[in-house]
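Going in written order, the chains are labelled A, B and C, and every chain counts its residues from 1.
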Amino acid sequence: MSFYEYKPGKEYIARLDHFADLLEAITELAQNTKIKAGRFTAIGALKNAKIGYYNQDMKKYEDIVFNQHCELAACIGNVSLKDGGVFVHAHVVLSDDAGNSKSGHLISGRVFAAEVHLTELTGPDLERKYDGLTGLSLWDIK
Amino acid sequence: MSFYEYKPGKEYIARLDHFADLLEAITELAQNTKIKAGRFTAIGALKNAKIGYYNQDMKKYEDIVFNQHCELAACIGNVSLKDGGVFVHAHVVLSDDAGNSKSGHLISGRVFAAEVHLTELTGPDLERKYDGLTGLSLWDIK
Amino acid sequence: MSFYEYKPGKEYIARLDHFADLLEAITELAQNTKIKAGRFTAIGALKNAKIGYYNQDMKKYEDIVFNQHCELAACIGNVSLKDGGVFVHAHVVLSDDAGNSKSGHLISGRVFAAEVHLTELTGPDLERKYDGLTGLSLWDIK
């Protein structure tokens, strides 16, 4: 494994706007707070969402559309740098009116209400670079 | 979006009592540690649980009863203030003996065993107020 | 409930190796960073996994084999001490190509790609001891 050591920075508590896109809003939060490296969790409810399943053989994401009101039962993610800008990577667990759960890589989601807990990490730049083995943009930790 | 900035406060590691109610026990933990704003995660196992799905059209929670022993596969939540007291908002992912998952807003749950990681956030008061658009008590961030 | 108070220590961001075992790799991360008490979250994708459902009546884990490529939609866990060594306890939510979710106690999982956010907690030793009531090794918090 490879890892970087950080110090805990500032903490942010955010209420996302009704109708915002979940991924865009968290990205905007990272930009507004000038966070370059961070981690977060979130909970709430969405009006709909699109999540991704990574096809490890084909090396591409397959879309899973969740076209209904749902609970954002869990959201875990991080903030790092990619192509010179802030990049948010998030996974979500969504649930329908019976509690049944769909989960995966967050592509987009319309916010009904969402609460985000974001921690800034202060230390080395955390950059993503293309990794040929997986086809993903992974952290390039020296 | 609207957000508040905090400094990381104390960290708490808690073992909840066998047979306690999960939501009440986390609320009691926040009260005992005098936390007014915080975030937490938890894992464990429950004897049973009741979770909520928020009906966005009707603006009310619908109960989903999970009347069986289950893993508390994930729990993410936060501590803030509501009506002058400490208020815990938590979402959970539960799973049965086949690993199948039900998730949503935590209403109640009987603890078999549970481990909580709670972080105090020091900074502005984080108060919930009724939001007419969603029908929920959301953070009133100035 | 019983709880310990900690101060936030160092923060670690780790990229796990392709083909590593998820539980072993997080344990190795805790060992390499000399963390004795901590909490973490992680996201990524696995090639396969084995998770546990705890049979509360029989007091033993039952294995659930997830023998397919999957998203690591959520992973929440902690680091403490057991039998003199570092012990990682983690729960996971996994999802298949339709987003359907299996979750439970992490026993093992082959990493495709995984990102871990680990927080060191500085304070009292956090030791696990056998608990007859549950049959589990729980935190022995004084």
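The rule is simple: a contact is a pair of C-beta atoms (placed from the backbone, for glycine too) under 8 Å apart; a residue touches a chain by one contact, two chains touch by 3 or more.
As the structure is a computational prediction, the values presented were derived from the model and not from experiment.
S.K.: Same residues or different residues where subunit A meets subunit C? The copies count as same if more than half of the interface numbers are shared.
M.R.: Mostly different residues form this interface, as fewer than half of the numbers used are common to both chains.
S.K.: Roughly how far apart in rotation are subunit A and subunit B when fitted on CA atoms, stated in degrees to the nearest 5?
M.R.: So the angle, rounded to a multiple of 5, is 120 degrees.
S.K.: I'd like the Å distance between the centres of subunit A and subunit C, where a centre is the mean of that chain's Cα atoms.
M.R.: 20
S.K.: Can you pull out the residues of subunit A that are in contact with at least two other chains?
M.R.: Residue numbers touching two or more other chains: 8, 41, 74, 76, 93, 101, 103, 119.
S.K.: For subunit A, which residues count as touching subunit C in their complex?
M.R.: Spelled out, the residues of subunit A in touch with subunit C are 1-8, 37, 39, 41, 51, 53-57, 62, 64, 66, 74, 76-78, 89-93, 101-105, 119, 121, 123, 126, 131, 133-134, 136, 138-139, 141.
S.K.: With touch defined as at the start, can you tell me which subunit A residues reach subunit B in the complex?
M.R.: Subunit A residues touching subunit B: 8, 10-18, 20, 25, 28-29, 32-33, 41-43, 45, 47, 69, 71-76, 93, 95-101, 103, 112-113, 115-117, 119.
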